[in-house]
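Before we start, here is the structure in question, set down as structure tokens.
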Amino acid sequence: MTPELLRELLTLVRSGELDVDAALERLRTFPYEIMEDATLDHHRALRQGFPEVIMGEGKEAGQISRIIEHMAANGANVLVTRVAPEKARQVLLDYPAMEHNPKSRTLTLVHREISINGRGTILVISAGTSDIPVAEEALVTARMMGNHTEHLYDVGVAGLHRLLSQHHKILEASVLVVVAGMEGALPSVVGGLVARPVIAVPTSVGYGTSLNGLAALLGMLNSCAAGVTVVNIDNGFGAGYAASLINRL
Amino acid sequence: MTPELLRELLTLVRSGELDVDAALERLRTFPYEIMEDATLDHHRALRQGFPEVIMGEGKEAGQISRIIEHMAANGANVLVTRVAPEKARQVLLDYPAMEHNPKSRTLTLVHREISINGRGTILVISAGTSDIPVAEEALVTARMMGNHTEHLYDVGVAGLHRLLSQHHKILEASVLVVVAGMEGALPSVVGGLVARPVIAVPTSVGYGTSLNGLAALLGMLNSCAAGVTVVNIDNGFGAGYAASLINRL
Amino acid sequence: MTPELLRELLTLVRSGELDVDAALERLRTFPYEIMEDATLDHHRALRQGFPEVIMGEGKEAGQISRIIEHMAANGANVLVTRVAPEKARQVLLDYPAMEHNPKSRTLTLVHREISINGRGTILVISAGTSDIPVAEEALVTARMMGNHTEHLYDVGVAGLHRLLSQHHKILEASVLVVVAGMEGALPSVVGGLVARPVIAVPTSVGYGTSLNGLAALLGMLNSCAAGVTVVNIDNGFGAGYAASLINRL
Amino acid sequence: MTPELLRELLTLVRSGELDVDAALERLRTFPYEIMEDATLDHHRALRQGFPEVIMGEGKEAGQISRIIEHMAANGANVLVTRVAPEKARQVLLDYPAMEHNPKSRTLTLVHREISINGRGTILVISAGTSDIPVAEEALVTARMMGNHTEHLYDVGVAGLHRLLSQHHKILEASVLVVVAGMEGALPSVVGGLVARPVIAVPTSVGYGTSLNGLAALLGMLNSCAAGVTVVNIDNGFGAGYAASLINRL
Amino acid sequence: MTPELLRELLTLVRSGELDVDAALERLRTFPYEIMEDATLDHHRALRQGFPEVIMGEGKEAGQISRIIEHMAANGANVLVTRVAPEKARQVLLDYPAMEHNPKSRTLTLVHREISINGRGTILVISAGTSDIPVAEEALVTARMMGNHTEHLYDVGVAGLHRLLSQHHKILEASVLVVVAGMEGALPSVVGGLVARPVIAVPTSVGYGTSLNGLAALLGMLNSCAAGVTVVNIDNGFGAGYAASLINRL
Amino acid sequence: MTPELLRELLTLVRSGELDVDAALERLRTFPYEIMEDATLDHHRALRQGFPEVIMGEGKEAGQISRIIEHMAANGANVLVTRVAPEKARQVLLDYPAMEHNPKSRTLTLVHREISINGRGTILVISAGTSDIPVAEEALVTARMMGNHTEHLYDVGVAGLHRLLSQHHKILEASVLVVVAGMEGALPSVVGGLVARPVIAVPTSVGYGTSLNGLAALLGMLNSCAAGVTVVNIDNGFGAGYAASLINRL
Amino acid sequence: MTPELLRELLTLVRSGELDVDAALERLRTFPYEIMEDATLDHHRALRQGFPEVIMGEGKEAGQISRIIEHMAANGANVLVTRVAPEKARQVLLDYPAMEHNPKSRTLTLVHREISINGRGTILVISAGTSDIPVAEEALVTARMMGNHTEHLYDVGVAGLHRLLSQHHKILEASVLVVVAGMEGALPSVVGGLVARPVIAVPTSVGYGTSLNGLAALLGMLNSCAAGVTVVNIDNGFGAGYAASLINRL
Amino acid sequence: MTPELLRELLTLVRSGELDVDAALERLRTFPYEIMEDATLDHHRALRQGFPEVIMGEGKEAGQISRIIEHMAANGANVLVTRVAPEKARQVLLDYPAMEHNPKSRTLTLVHREISINGRGTILVISAGTSDIPVAEEALVTARMMGNHTEHLYDVGVAGLHRLLSQHHKILEASVLVVVAGMEGALPSVVGGLVARPVIAVPTSVGYGTSLNGLAALLGMLNSCAAGVTVVNIDNGFGAGYAASLINRL
């Protein structure tokens, strides 16, 4: 139940095209809907103006399909994140119209064309090749939320000229999402180059003392570049979401 | 060396009021200046359009004074953070015009009136009374960066009506900084209420398993409310700075 | 050997319906029984008045079956927790009368009807859909211990109205078990709404800095709501058990 | 604003002894009151029926006194916890009628006689001599909440007969608070002896790998005795509070 | 190359039954032998008078067989620890005379009868059923080192009478190995009952905050019973070895 | 109440030199004695045959003195460990006959001559100069428990010849206590040289990643030399006590 | 693009054998090349004079092959590290000329003979048999970088004579790489024997408190032997690379 | 006892200027000397050719003075590290000729002119002003070991042009010591710029999640720039020492 959908419905009621009982029926599950396993927060989509989102990890394919069914009934666009390949395959059997992006591990259902509501460009930067899946999750999220996006991959700090030669791209972005594993130093360098909000995403890329991404996380939280904020390890979705909130201001 | 100062200087050169040699002399230490103990990054102020900032912790009073001297020579406003009371007292002997705020542990020097460049209001919320010093650091920072600010204190999640009764204030903010120690749950609740960027600041308030703020930090990084980003423990400055970058977009 | 069984046996002896030798034989393994791999504490069931419980994890199917055999010899009801699907399947071959609940990962054997000895209702609340297995383990345990139960699922703090709209259900409970992963904030909010004991159960739901449930655990231990007590990560059984002890007072 | 006070006030209004305006004035700050540094939750005392509580740590003496002033205005009993000796001395200058208990680090103000509303006895057990301050905090809390209490000190598991010889005292309690540092094994042993709720309180007593109480905490969370729940390290107040909620059922 | 073997060899030389060249040949690899992947310390067996030991984990079956070959050439008894079932199966193809104990995950080769050199009995106690594999590793080790052994299983602290009823067995032992997971409290209780050396072995049994045995380890290191010493998590071999050194004094 | 004292008392009763009432009076507090703050375990001294021990840390000087008073009433020797200098000074005012050893931070009271009951020599080795206080605590403990002792200081592994040149001393000991901070490697080297029990004591000596002794502790728990057992960080007392139990076998 | 290749190319241009356009074409991707998934830093090979290196872990076989293709186009030697067996098999299908070393988990492509540029010998020492794979990774790396190498395996500190008997080999090396798991003590002992740079490599060999190599890492960082520096857990490549930089000085 | 001193002595013996007995007397304490509290390793100075070094932390002023006395008797230069100001003051009373450097917390005694034996320049770089004390410790150490040194301070990654503008200085060094706290990113950037050994020193500069330097340490261990090796937190001495070993090759 997005703001657009609600506005349409109320307009139809006002114009007499939809009678009150029919409207009530469609609003029956508003603002939330109690399913057996889940309590859907349709109001959140309204409060925040974004598509419905389902965290795929920890849910079975059947649960995901049932939740999509309830969401799709409202005509909303849907984004499912952290879907393992086999689980995605099963959900696609129920919803062949969904698009599966194996790199970002997302499923997307676009009922209504996504209108651009972000004012600038969100730039997603990755330090290494192995960080790309998380970066892609951020990109898919930002696009589903209605933003122009750009990306810049494998430009870690051990080869600074790779980054510096793309200086113009960095300066043109309105919000930057910087994805890095291992020592997580890239957000500090990027944060020192721009006067824009930088959202740092640590990844679990690395081994040994990378501690599954804790080293990168700590590096980012201790960034000597002011203005860098951080999200959970591998949380490309969260970064894309926060960047969208900022870009929409 | 802020953008305003640089613009003035270049205008004077263009108009002939300042000759090239004099301009060069004033630009001599641009973009950075090597002191004995520090390498000042005057260009950062230019890149980012904010006053000069000194991290007071880990520096001696004499070092702080010497750095202020070099910065003040450029006519810039100055913010010193994390200054212990005794250290502040010593710096004030050198710079009596500075304002010392013991609650936020800051020293501020305002040479030029701060012009408002943030478009909305930055709201700083604290969960408890003991979190106020960190909240104040964020407030002072946001004001020095040219923003309108509001605050809401001691409205932690164990007494929800305290928070909910201020719902209007929360909805009106363009960026929110939420400061909390102990379990750090407040940003999740606030993040669920608004469609604006929320910057969460964990504090070291608590004891035992609060682990000096790590519990609050982990709570915030794992927030079930999308769009919450996090800064280092007790880093009110970083939160105020990031909020300013966002508000200025 | 539950109190009821012991009382029956002694009554039979007193009435002469059972002679002393036969009674002795039945009490032979009381209060504990040494098997090859285990030392059964039949007296615990007597001390605490609850059915026999077997922790399934770390035991092989054969070991579980052998222990059930010794317990069932006493006519006691039996609860097996943390049984993986394949292991459950093997035990069911030996005890087809057992009920297998795959969601809660439990096996239950009900020889004698469970009498209600709890005075109020135990309410089990989960923050998300993925927390349901642990919540179900608490529910099954509480029911096996003789309590009325209710549940409320997927009402996490990022969508407060889902929780607040069920305020009456929360106020009516005599003991509350609150199950949450990620930041584990729900027990603080619930604990602030009621004047009843709240038992918080952290789950391993989450990723990255959730640290397999440590983040939720720390959040709960640092709850700003007084009266919240905590059990081990994913320990739905322990929470259901403690809630039963409290409800039976 | 306790339930009793509110009942009195409403009774006076009904009987005409108090006119509506006067009642309104007295209810003016209900359910909460915004001070400069704090937002008092007077409704919590009403919701939960307990005296007002102030966490002394992290607040200055002046802040504590100002909060007491607002609370005392309602005629409520007041408990201040975790007050360092010097801070207590300063508050006592403002409120000489308060009682200072240096062992439990509490200040208490008893305006109205405490009525017993707990049905059984709360027994507080400590493993060692050094754990007594935390045990005393639990005792003072339980008494302020209207309970009969008993205690048993220095009966750690390395000398079992000290504990076992007090078996009767342990069996007679309706709720048990067990306080232990170092390896924190005592709650497991006590939990195995009784069929009553056991609240375990780890303390920071120990050195080296006690990790300021983390070892005891982990021991308690992993207790092999079902029914043990745990609070934060050194949180005698929380344990006493939870025990009171349970005992009042 | 055990002391017995060396003594025999020297005796043969002295008596003229073995000429010097032949003796030299047999001592060729003494005190150590460089293989491609390993440097065998034959002198250790001599220094310490025990059979040769191979840590099976981290070695391939082929490597284990090659090392056994070199050791067996000296006529020594051999103990292989931490051998996974499949790996054991492969080694047994090379050495069908070895005995595989799947519970303790050991392979043993007894060329020469084991002579008893320990003066008292080593008692191995386990807290739970799941701790038995580690306990068995300690038992097998102690027996291979020439000790009389006894065991007592599943007598954890939540059912004290199970332990106390075996008090005599505990008092008769000369060295005690106490194996426990979860909270690891059993060594403290046992250590308080006896005046003999207690070696505590934490196991990785448990879940959540057991942290793979760290909770048990910390509990044991912080034991309030003096005289308890600790080995690595799941290190039944180390405990059996240390107990043998003590018992042989 | 040591075994010797109890034997004397019983002998006197048998011989008629002490009448039963007088004996009863002297046994009144046996096996334990409840003081206000402590429950003395006089039976432990009997069970284990050692002097009474008081852990000084976490107790006030007054508490220590009161406990000594009750212990000394039995004529027992007393050892107080971990006594800070100022606290020791206060206790000495009450018991001038006690000996204060500032290096080991102990107070000792020797009423009856210590008889040697250990059969061999306990050798205490320290890796560095800064580890000596912990080593001395082990030495004082072992001597109070009736053992011959030797020591070897500052022979860490970075200068192996310092250690190897004392090889004879190492081989002659019956039990070895090895004390080391930093990387804690010394017990592994010593354990490889001897066939005797080695008790490793990690110390908090070091900085940074020594993590207050955790690095040394982990090193010792992972020792590649079999037969090494470990006690808590800085626990010289525990090591001396365990060594005494072993040496007395 | 190694220095040799660049020199050749420039020489050809100077001599007229290669015209400028052709040279430009060959330099087109210099100093870096943007692929879809990676940004190759050809300049790094130039800056550092070493072959191209690909970290195999976290990349798919296809990605590795595509990167090799771009690198091989420049005629450079290529080293791929941390390649799992199955992934190696797939890459070998594309590049049958590569050499696969399963022990060190490397793939190597040698287009041009490796010239020796290191002045001394790099000696790689391992504490145990299970540490050999990491040691081999260091060896392969050092050889690919143009060094003479030696190795010494399974000479851990529990059997010192194994190490000391190879004293000459140790003294002859110009740089030493010391690889150890468990307690990680070997670098301290080696560092005390030589006056050469020692690079310590902790491995994840061990169990329980080895914490996947953290224990060894901490031991090495706290080494009492000055001059020891440390790399990440299992980072044989990094150690071999650093040793090569040192040896080339 | 440095190599120079030993050579002189032997030369005098050969030439007859020193008779054997006198030489023996001077060599009496060679290679080590047993003091009451310390075992001096005079041979290490010989093995490694460097001055004698005393770790000041954890030793009392008196102990330090006594050790200097024994070292100075050999005519060696002496370096004392980690000396707190008050302790330094006391040692200076005994050795007024020593030089106290409060910034690096060192005491140095130069009996014989330091000869340069390092072939290139050791460059010490610090990320911030607060890192300078650790950087100075590295510098003093490198100079005492006979090296030319340079430094570059406060050039952290958030203002890259400060670092890049000193590119020539960085390229000219033969060994680089890079000192950084907070996120510890500087060594990765520097390591990417040069083909020389980089020794990274994490510092405890920072707060909150800097975890007293652990964040910087982890960042450095996970550096994406190959060839970076790491020492303990705040271990400027170790870095200076290792750099000297490398530079002397």
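For this structure, a couple of remarks:
By letter and in written order, the chains are A, B, C, D, E, F, G and H; residue numbering begins at 1 in each of them.
Simple rule for what comes next: a residue touches a chain if its C-beta (ideal position, glycine included) is under 8 Å from a C-beta of that chain, and two chains touch if they have at least 3 such contacts.
As the structure is a prediction and not an experimental result, all values here were calculated from the model.
Any chain that touches chain B and also touches chain F is listed here: D, H. Relative orientation of chain A and chain G, expressed as the C-alpha superposition rotation angle, is 90° to the nearest 5.
The chain with its Cα centroid farthest from the Cα centroid of chain G is D. Averaging C-alpha coordinates per chain and comparing to chain A, the farthest chain turns out to be F.
Between B-C and D-F, more C-beta contact pairs are found at B-C.
Distance between chain centres (mean CA atoms), chain B to chain D: 38 Å. One finds 61 Å separating the Cα centroids of chain C and chain H. As a whole-number value, the distance joining the C-alpha centres of chain A and chain D reads 45 Å. Shown for chain F are the residues that touch two or more other chains, namely 44, 128, 158-159, 192-193, 208-210, 214, 217, 221-222, 226, 232. Those chain pairs judged to touch are A-B, A-C, A-G, A-H, B-C, B-D, B-H, C-D, C-E, D-E, D-F, E-F, E-G, F-G, F-H, G-H. The residues of chain C lying in touch with chain A in their complex are 128-130, 132, 153-155, 158-159, 161-162, 165, 205, 207-210. Residue ranges of chain G in contact with chain F, taken from their complex: 127-128, 156-160, 164, 182-185, 188-189, 191-193, 206, 208-211, 214-216, 218-226. Those residues of chain A whose C-beta lies close enough to touch chain C in the complex are 31-32, 37-39, 41, 43-44, 55, 57-59, 63, 82, 202, 204, 212-214, 217, 232-235. Across the complex, chain C meets chain D through its residues 44, 47-49, 53, 119-120, 174-175, 192-197, 199, 217, 221-222, 226-232, 237-239, 241-242, 245-247, 249.
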